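Right, I'll just put the structure down here and ask away after.
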Amino acid sequence: MSWNIYLSGEIHTDWREQIMQGVKSHQLPVEFTSAVTNHAASDAAGDMLGEETNSFWRDHKSSKVNGIRTRTLIEKADVVVVRFGDKYKQWNAAFDAGYCAAIGKPYITLHDEDIIHALKEVDAQALAWAQTSEQVVEVLKYVIDEK
Amino acid sequence: MSWNIYLSGEIHTDWREQIMQGVKSHQLPVEFTSAVTNHAASDAAGDMLGEETNSFWRDHKSSKVNGIRTRTLIEKADVVVVRFGDKYKQWNAAFDAGYCAAIGKPYITLHDEDIIHALKEVDAQALAWAQTSEQVVEVLKYVIDEK
Amino acid sequence: MSWNIYLSGEIHTDWREQIMQGVKSHQLPVEFTSAVTNHAASDAAGDMLGEETNSFWRDHKSSKVNGIRTRTLIEKADVVVVRFGDKYKQWNAAFDAGYCAAIGKPYITLHDEDIIHALKEVDAQALAWAQTSEQVVEVLKYVIDEK
Amino acid sequence: MSWNIYLSGEIHTDWREQIMQGVKSHQLPVEFTSAVTNHAASDAAGDMLGEETNSFWRDHKSSKVNGIRTRTLIEKADVVVVRFGDKYKQWNAAFDAGYCAAIGKPYITLHDEDIIHALKEVDAQALAWAQTSEQVVEVLKYVIDEK
Amino acid sequence: MSWNIYLSGEIHTDWREQIMQGVKSHQLPVEFTSAVTNHAASDAAGDMLGEETNSFWRDHKSSKVNGIRTRTLIEKADVVVVRFGDKYKQWNAAFDAGYCAAIGKPYITLHDEDIIHALKEVDAQALAWAQTSEQVVEVLKYVIDEK
Amino acid sequence: MSWNIYLSGEIHTDWREQIMQGVKSHQLPVEFTSAVTNHAASDAAGDMLGEETNSFWRDHKSSKVNGIRTRTLIEKADVVVVRFGDKYKQWNAAFDAGYCAAIGKPYITLHDEDIIHALKEVDAQALAWAQTSEQVVEVLKYVIDEK
Amino acid sequence: MSWNIYLSGEIHTDWREQIMQGVKSHQLPVEFTSAVTNHAASDAAGDMLGEETNSFWRDHKSSKVNGIRTRTLIEKADVVVVRFGDKYKQWNAAFDAGYCAAIGKPYITLHDEDIIHALKEVDAQALAWAQTSEQVVEVLKYVIDEK
Amino acid sequence: MSWNIYLSGEIHTDWREQIMQGVKSHQLPVEFTSAVTNHAASDAAGDMLGEETNSFWRDHKSSKVNGIRTRTLIEKADVVVVRFGDKYKQWNAAFDAGYCAAIGKPYITLHDEDIIHALKEVDAQALAWAQTSEQVVEVLKYVIDEK
């Protein structure tokens, strides 16, 4: 059996690459998916349907186009990893976590200890909280490979 | 028909009271519900089941107890209003919005214009974005009362 | 038991009043709901959240506000009556019918014989096709009252 | 991952071919499905089960046979593109859109600007509105291929 | 709490009255519902929408009108009692049982011992098989009233 | 795309072989499944778990074992064909049809004209009624192969 | 709003009465439901449908009759309390917990500390673990009454 | 078609190997999955995310990590076999059975005769009760291979 893992959240550090690298080094049967992580491309996702002058509607249009991808890929995933960095609001990450909770999709949160209080509702429904990418890899290795 | 409205999110200003007051002044048939908004009580929700020394587990336990209430009330609501203030992370509000999106529960966001970019995914699936409590009241009045 | 009937579609003739009148004359335990049928108010439903200069976004915003009402009321209905008149596109009526079909909500179509070919997919999943409001009343009387 | 795209609606222009051609030129991993687009064959779909003299029942029978295909293929699709042309009622296209909205299936509408008002409820729940087949191809390329 | 019991199947004996009488004598909080049991009225349910010359379509039309009632009432029921008599095919009763099985609605079958082999698939998913109306009453009394 | 067709019902004539043969001759991409059609084996399905002296429980046990197969295969099917012959009660066929109706699985009925009245509820929710195996093959060919 | 609480599990101590008493003393708007807790009556629930000589089938029959009640009441409950005592296997309590977990029904476990290891999977999906009936009452009071 | 069988429950005897061996000897197209059956590894599943001093939280954390695997694999399974041994509480096995019952996943129980009374609720919703691994193999062979 192959596992499908969706990587949600923060796009300013290389945590996705770290997890992919670690999983690859263990030769686990995993296919990774993700939202578009090119920030500029993601913000401009709706522009191909016509430019908007109003910033709310530009964002709205782009978010919906991105939603075609994210909703589809989250629904297809076996497990979602949700990363919260130390900067920015990252409400989309919490939004994805709530979406997962509602449809019973298992998710793992990945964040530092100093934001555990702010993330308590998100962590309460997660099946694991990891502090490092290495821990996520270890959990995936255990879940997929252990006898 | 009576409407059940759940008020989610920020607990440091009186937006809930403003909405309840406005709805009452229009005599709309609405019952409001909400998470526990007493911050200290909410953080201590798990303490009655035994004190915890580890802050992660204290938060975890309290969040789960709060979840008995929030999950039940969100499921019963006809509409959810999700408020984002200008302080704090408020990931729980985004989490509730994601939960609503996943189960097809209509929700309205309430927040200032300066955070529209950070909230674009949350707003993209909302059925309305309001900037003031008065607007929420107007929307509810229209939705419930207009012929 | 009380029945909840949602009346969807055309807003330029008095078919809703005819059905309500007929049901009332038979003293059937029915509560009727509907989208907002005041055309101008419906088109302006989003204006209370701020005026839009772009007509697409004005429509978009108003449709979403109307969706808070229509989605909620259709979900609560026991039966939906979908009316197609001889003018206008009325895609929203067909949209409501498709929504009902997908969630297994029984619906009755109400339209003249000259448009049966164009409505064949909509009628194929309806549980009844009526040509007059009187027929809808008769069907409701039978469904609710017959022993 | 391969994507499954269902093309719904208007059958009098070559928009389907344009999209398929465009997607092919980008070598995207897409499988397209559709209702039967041969108009005469579609109208006669029920005739193989016995001829009908009454046109309502002939339509009814054919629509149901077509439903075996359309319902199955829409359920299997990842994304649905719904095309509205400038002629005919095309209630079946709006019906498909409503069906998609109800089951949370992402859909893109494709139509000219002059019918945005009539389609406002259909567009309000779409994840994108395109005016040309090229735009649909661009959106699909972005959704499927962007990093 | 009040219980809602749907009585499905055979319409040629007075088993419904027996159950209602028995339940009433125990003063159980039960509301009974049922398909239309007036055979002639049920067969003619579609006639009010226009006469049909073809008997298949007359039956089809009437069955659909009856479906508005039966589908709604089965969905609302807490328990369904499905009665198979010793005459006629009663495929509609087995159809209702299959419907209940699929949506996880508890049902009780009521039939004589000599048809247990033919009904084995229907009984296998029932939560009880009763041979007499008295037994159904006893089961309901136990389920509703026992401490 | 490959289609998965479940063949339900009567086991005393060779209608399954006729359909499989016809489908094969058209080289349609179809995989067929079915309940166990060896009557004796099916009745004895529970015997391997220990003999029963009571015939109700023997039937019960066998039906449940058969249910492991039938429930799984019906859920996986794209289309179900339900055959009613002129002998026996065949309540299991009607039960399967009701199951399909409840989960929105498209099904085709296959039976002679002389039992249309008894099967009216079953046919009312079917997407096609065929009188011969050839017609079923034609419908499948159209649904799967038509452009 | 009134809350519906289902009390599942151990029937040999008076924990149900303690909870009901405590809730009553706080005048909380709660309606309690439960399986039949009269052990002898529960074991004999199927006897009214005919005596069985085989103990497996007697149990089977009674469990199914009890299932009419338990499944219905668990589905209707807002919260389920699952009690594990220090004697007996109580697999039915763990079964109810698994059922709740699968349908997203919030549940609270009630058991002593010495069985936490054996109950770790059951507790992992519970929203609270209480060691005393008083704690359950406190949690309910908080969940229902706190502002 | 390939079948996916999840083996749940007791980990102290070699029943899993017996079933896998038997299925292999019949060359059935089956893929088996299971929770981690290495007891020590399973208990320590959460340790890789940081050691816990409190035994409740260590168990909690490990159970959740195990849940990523078990929930995913049970959802993907066609059939679940649930084994109860003669030692230990094995509440997790009953929990899995309840989970299966709630989502309509067919399951087979495997246990000795002396615990049938304690397991009556679990067995009542199972589709088969086997006493030996050989019987499970026979049932799978019949379900998968019989014509």
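Think of it as A, B, C, D, E, F, G and H in the order they're written, each chain with its own count starting at 1.
The definition used in the following text is that a residue touches a chain if its C-beta (ideal position, glycine included) is under 8 Å from a C-beta of that chain, and two chains touch if they have at least 3 such contacts.
Computed from a prediction, not measured in an experiment: that's the story for all the values here.
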Of all other chains, the one whose Cα centre sits farthest from subunit B: F
Contact-richer chain pair [A-C vs E-G]: E-G
Fitted rotation between subunit A and its twin subunit D in degrees, CA, nearest 5: 90
CA centroid of subunit B to CA centroid of subunit E, Å: 43
For subunit E paired with subunit F, centre-to-centre distance based on mean C-alpha positions, whole Å: 24
Subunit D and subunit G: spacing of chain centres that average the CA atoms, whole Å: 49
Between subunit B and subunit D, centroid-to-centroid distance (C-alpha), Å: 37
Multi-partner residues of subunit E (each touching 2 or more other chains): 64, 67, 104, 129
In the complex with subunit B, residue positions of subunit A that touch it: 55-56, 59-60, 62-64, 66-67, 84, 88-103, 113, 115-125, 129
Contact set on subunit G toward subunit F in their complex: 52, 54, 57
Footprint of subunit A on subunit D - complex, ascending: 1, 78-79, 104, 106, 108, 126-131, 135, 138-139, 142-144, 146-147
Residue numbers on subunit F that touch subunit H, as the complex places them: 31, 33, 36-38, 41, 45-46, 48-50, 61, 64-65, 67-69, 71-72, 76
